[in-house]
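When the chains are written out, they are named A, B and C in that same order, and each has its own residue count from 1.
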Amino acid sequence: MALLRASGISKRFGGVVALSELSIGVEAGEAVGLVGPNGAGKTTLFNCLLGILRPDTGTVTFDGHDLSRMPVYRRARLGIGRTFQRIELFTEMTARDHLLVAERARRGNGAMWKDLLNRGDPTTDEQVRAAAVLSLLGIDDVADLPVEALSLGHGRLVELGRALITEPRLLLLDEPSSGLDRMESLALAQVLGRVQQERGTAILLVEHDLEMVERCVTRLCVLELGQLIADGPTATVMGDANVRRAYLGEAV
Amino acid sequence: MPGLASRVVRLVALPAVLSLILVACGNASGGGGGGSQTQGVTSSEIDIGGIAAKTGPLANQYGPIFQGVQAYLDTQVPNGVNGRKIKYVAQLDDQTLPSLNVSQARALVTQDNVFAVVGVATPIFAGGKYLAQNNIPTFGWNVNPEWSDGPSLFGEKGSYLNFTHPGPGIAWLANRVGAQKVGTIAYTVSQSADCATGQIYGYQKYGAAVGQQVVLKDTSLPFGFTDISGDVTQLKNSGAQFVGTCMDPTGNTVLSKGLQQAGLYNQVKQYWPNGYDQSVLNQFAPLMEGVYFETGFVPYAHGFTQGMDSYLDAMAKIGAPVSDVTLAGWINADLFVTALKQVGSNVTRQNVINTINKMTHYTAGGISPGIDWTQQHSNPGPIDCNAFLQVQQGKFTSVFGSGKNPFVCFQSPNPTSMTPVPFPNDPSTFFNSTQPTPKTS
Amino acid sequence: MTHFLSFAIPGIPYGFVYALVAVGLVLTYKTSGVFNMAFAAQAYVSAAIYYGAVSQHHLSKWVGFVLAVVVAGPALGYVLDRLLFRHMRTAPTVVKLITGLGLLIGIPSIVQFFWPGQHQNPPSLSPKPNAVYHFGSYHIDGNQLVVIVAVLVVMAGLGVLFRFTALGLKMRAVVESPRMVELAGINADRVSSFAWMLSGFLAALAGVLLAPYYANIDATNFIALLVAAIAAAVFAGLASLPLALAGGLFLGIFQQVLTGYLPLNSIWATALRPSFPFIVLVLLLLFWPLVRRRREAGDPLAGVDPPPPALAASLRGATLDRLTTIIFPIFIVAYIGITLFLVPTHWLFLLTQGIVYATIFLSITALTGMSGQISLCQASFAGLGAFTAGQLATEFNINVIVALLIGGAVAAAAGALVAIPTLRLRGLYLALATLAFALLASNLLFPQSWLGNGDTGVNVPRPPGFNGNRAFFLLAMAVFAVCAVVVILVRKGTVGRYLSAMRGSQVAAETIGINPARAKITIFALSAGIAGVGGAMFGSLQGTTSGGDYNVFFSILWIVLVLTTGVRTVEGAVNAGIALVLVPELLSDLGGTSVFSFLGNRVTALSFFLFGIGALTYAKHPEGAVEFNKRRSLLWIAAWLDRRAGREPTAGVADAATLARGQAPALELSGDGQAVADGPAPVVPERSPHPGGP
């Protein structure tokens, strides 16, 4: 049974149809890529999956649960993590703070009465786990700077770390390499690979960087104007004529 | 060592610096206030202070009370009492804010070190409790229930205020003008609504015997916001003949206008609880023609009593308005000075208070029909006299009186009917003005 | 039908006036992002000028009209744009809101300063205001006629302007999409200047037209007008001019029609008639689709951008901590000692007041400081606490300390009750919802005899044993300390962290499993509870307190004050409390000296002016004036020490970043939800070549 299954998702904004009867699935532990021209609806799909937007039609199930009535934070707690196309950081915090607060939320055991008893500080356990993720991503040395002082590459890593520390079963990554140079992209791809192998996390990756796509995913979906025009093994899809026409472009 | 420096800077935080400033200021402004009985009194001077709502959203003018007090002091006791001049050291504005009223009451006592508070006029007398608790002789315009809070608080007409259970005056008036179907219109503001409750009570308790019937009671008008069409329609449909209002002059004029526009002006007689004031008449005369007013004091005209003549002359001299509020100031000053004179040389707060509270028939020199200070902190007192006026041809004219006596008096404090009782003073000695009596009808 | 019309017709003039102001509100909001609460003040100024010209100087009504409406209105609007709002274009929406609130407080005060006393019976624009015109069985008077005619003329003019002139076209474009207009090369500054002048004209006209409906000219009358106009503007989704017009008209008419159909003396009439605009506003905010749709499109109305944290904290070192533990307690003991024994009674009372205010202000430190949301009803919570404590203590003889705690609990429950329906609202809309609640509390709740007891008020006794001024001062300090510790603990604990995350990015916070509803309700309830406790202390200090102590004006004044001194720190709350008490006192002392005696009583009007103007510094220094000055002195001292030690002035990466943050907010969500970087921080998201789909 698929870990994530979205069926018949439609969404329109006023006169614009963003998604049209879209169905997509991700198996546990699988790495799936999602590509397509801009305006195809990729970020809209993510938002519908996570509950940030409510689709007009269709259902989303995750691990057997029907997500339709669930608010965003509940879906997150079920095990879906996400990064954002336009980076969404907690602007006042340091990188370490990001991980600490995500870890606290994961445990779900913070409460105001504990705060009042001065038990609100991060525990040793939380610190240890945060440190582990920081070193996994290689951002130990900038961990205690305010995130606004970090480069975009580091910022994206912080976002990824924040999603990772919640131990998601499925990671929704929205153009994580956007704004990164080639070295940084390669490093990111390596991290993703490790995460997938060590933890068995499923990944749904939206990307424009095709090299990264080829490196990271085994299955590729192509979206155009809100509809899926291809869904299959990476190499097959890359060679598909329709896909070339819509997105990849012909070889010169 | 930036860390240490930052800490030092941090420690020189506002509260510390402020404390030092305050100590300096505090010592400069003189020692703290205590409860000393001779505070505010020196061999040559007695200090008084006052609080009034001079600014704020409510329409009535409270500020002129100070003029009333000062005028009395200047014209009646220019050399002071027993060698001590009476001096206003503070005239504070509470801006219609209850919290400010409280602070200022305290400030008058603890900072300005006044002997007594003479001249208080404000819609919310939150500071009354403090003054009562500290036994400060306080005199002001009794438009608040707080005046009953203690034996040291003295309103100009007694310290008891009960809007909701008044005497038969208004019901009597309605009956006198031949109205059986009567009504009341008021604002939602509690004083206005209480006044309305009182009028209805009057109609029902005293008016039932003569067949009065309440056909309209509206207490839902938002204060200051004036649209009266609903009430006018109701008045028309019910055949009302008399309506008492519990509103300020603006609201009253809107009612008048509404009645005129609907052609009901002659059918529905109006009684206004305030607006007996020449400046209001100057502004709204066409809308006030035929409207009835009432006052518990001698009407504002020469020819009744010398006391009223003095007041009118003093107001004219300094150019202050003739109105309930300046009259209240005048009476406040008179009561204070009368007490001081009786107390003699040993001027203490307690002596002043005790002296006043022994007076059984205080008339403010012939302005009031009589106040009994042995009871009028807690009940309406033994005298309930009303002088009625009507605007006739653009002038306030005394009506329903007899000869020199403009008053109609009723049983008090617990009247059982609206049958008038005799005037409690000898008219030939009370109405002692040397000027010609004004025309009455 | 006749019945309906006979009530609807008097409603038309009101409706027209509301429509005028609503159109002005939407216009300035769309062209410059400012939700201009100062509109009421602008209306007041013009009404005052007209009154002065016509009633006091006996100029002709035409001259008065030209002065007050044609000249003063646009001039004031232009000045506000030029001097203030144009420079705040990139500031967060809520900063602009606070500036507007500061002006709302400051402008009427300065007018009163130059023009003291009461001003009764405002004149009508009409030459024959009392003339009656009959048509059929209906009639209107001269005043109503002139309102209808004036507004119709203005509306026609606006229609022509927008439809047929180039300027009007540009303005419509800016209303549709400001970004697009800039890309097309239109000078946005000129367009917005004109929009401000136009809306200033509308406010001035509304002020002069509405003034005769009230007994006197007072700023609070125009706040009622403002609230009705806000409801109409919300009805228009803050976007559509025709809808704003329609909304105002409907509101005015329905308000009057209600009079006709409600039984005259029922509880409905007494409660509903005065509160109708506020109730409509609340209902709109909660249910109106145009309000909700905004959020889904990427909510441009995000909460206030977080001001940078206290610089002193980030430079903290080991020496610091040791010094703290030694010197700070000594300092506190000295302060208390001086206050208790050396300060005279009057000043003791003032200081106690300051501490009690500071306690109430901690509620703002908690709510706005932690969640970034603005609440305009903190005074209402304080009042709830005070009245509950007072009623329990006097009616049921409950120990005052216990009553105080119960008062806090009741206020906290009210805070949760306000938070729950408004969970979806943020930023400006949430502020408006709290404003509506504050008005409802003042008009419906507090006058009830079992709560605030109308004008008579409620007695809140001193706790047994704390009757004396000194004892009560100590109690006030203790209560304040407890509340301060609570705020600090919550801020650095889970709730504080969650809120900090939500402030940075609410959607990202949700994606890591933070429940935003719970965090919001918690902080609202905590904040309201603290305000309630502070309010109960205030009531006990004063002895008697009534609804007038907790009206909307105070909520606005307090929020403006605390934001000016610093909303992120406990220190800011203390400074605000002391400032609130000291500034009027010092001013009146100044007024008592011979040099300034000509000021007399008007000097107290100056204090509100100063507070209002202080708010204007908020735009440049969102961390608070005190914090800003502290930082400057810290930097200077650090640099001086470095020079003395012969070192290069150090500025590590952390310092640079924190300093940079001190200068300008780093990230801001602009109108269409894109994160736009501002200032030196290098976190710049690259835009895709084509604007990506939502």
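Everything that follows uses one rule, which is that contacts are C-beta pairs under 8 Å (C-beta built on N, C-alpha and C of every residue); 3 or more make two chains touch, one makes a residue touch a chain.
Owing to the predicted nature of the structure, the values given are computational and were not obtained by experimental measurement.
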Open item on the list: What's the farthest chain from subunit A if centres are computed as the mean of the Cα atoms?
Closed with: B
Open item on the list: Taking the mean of each chain's Cα atoms, which chain ends up nearest the overall Cα mean?
Closed with: C
Open item on the list: Can you work out the whole-Å distance between the CA centroids of subunit B and subunit C?
Closed with: 36
Open item on the list: Measuring centre to centre with CA averages, how many angstrom lie between subunit A and subunit B?
Closed with: 74
Task: Centroid spacing, where centroids are CA-atom means, of subunit A and subunit C in whole angstrom - done: 40
Task: In subunit A, residues with contacts to at least two other chains - done: none
TODO: Check each residue of subunit B and list the ones that touch at least two other chains.
DONE: none
TODO: Among the residues of subunit C, pick out those that touch two or more other chains and give their numbers.
DONE: none
- [ ] Under the touch definition given earlier, write down the residues of subunit C that touch subunit B in their complex.
- [x] 6-7, 10, 112, 116-118, 120-121, 130, 132, 139, 141, 213-216, 218, 220-221, 224, 256, 259-260, 262, 264-266, 269-270, 273-274, 312, 315-320, 323-324, 327-328, 331, 334-335, 338-339, 342-347, 349-351, 353, 447, 453-457, 459, 538, 542-546, 548-549, 571, 574-575, 578, 582, 589, 601, 604-605, 626, 630, 633-634, 637-638, 641-642
Task: Complex interface listing, subunit B residues touching subunit C - done: 1-7, 9-11, 13-16, 18-20, 22-23, 25-27, 29-33, 54-57, 59, 61, 63, 91-93, 95-99, 102-103, 106-107, 110-111, 123-124, 126-130, 144-146, 188-191, 216-222, 224-227, 229-231, 233-234, 248-251, 257, 260-261, 283
TODO: Would you tell me which residues of subunit C are touching subunit A in their complex?
DONE: 296, 306, 308-309, 486, 489-490, 492-498, 500-501, 503-505, 507-516, 522, 526, 653-654, 656-658, 661, 666-667, 674-675, 681-686, 688-694
Task: subunit C-facing residues of subunit A, complex - done: 13, 18, 38-44, 47, 50, 52-53, 71-73, 76-77, 80-82, 84-93, 97-98, 100-102, 104-106, 108, 110-112, 114-116, 118-121, 145-152, 155, 159, 162-163, 166, 178-179
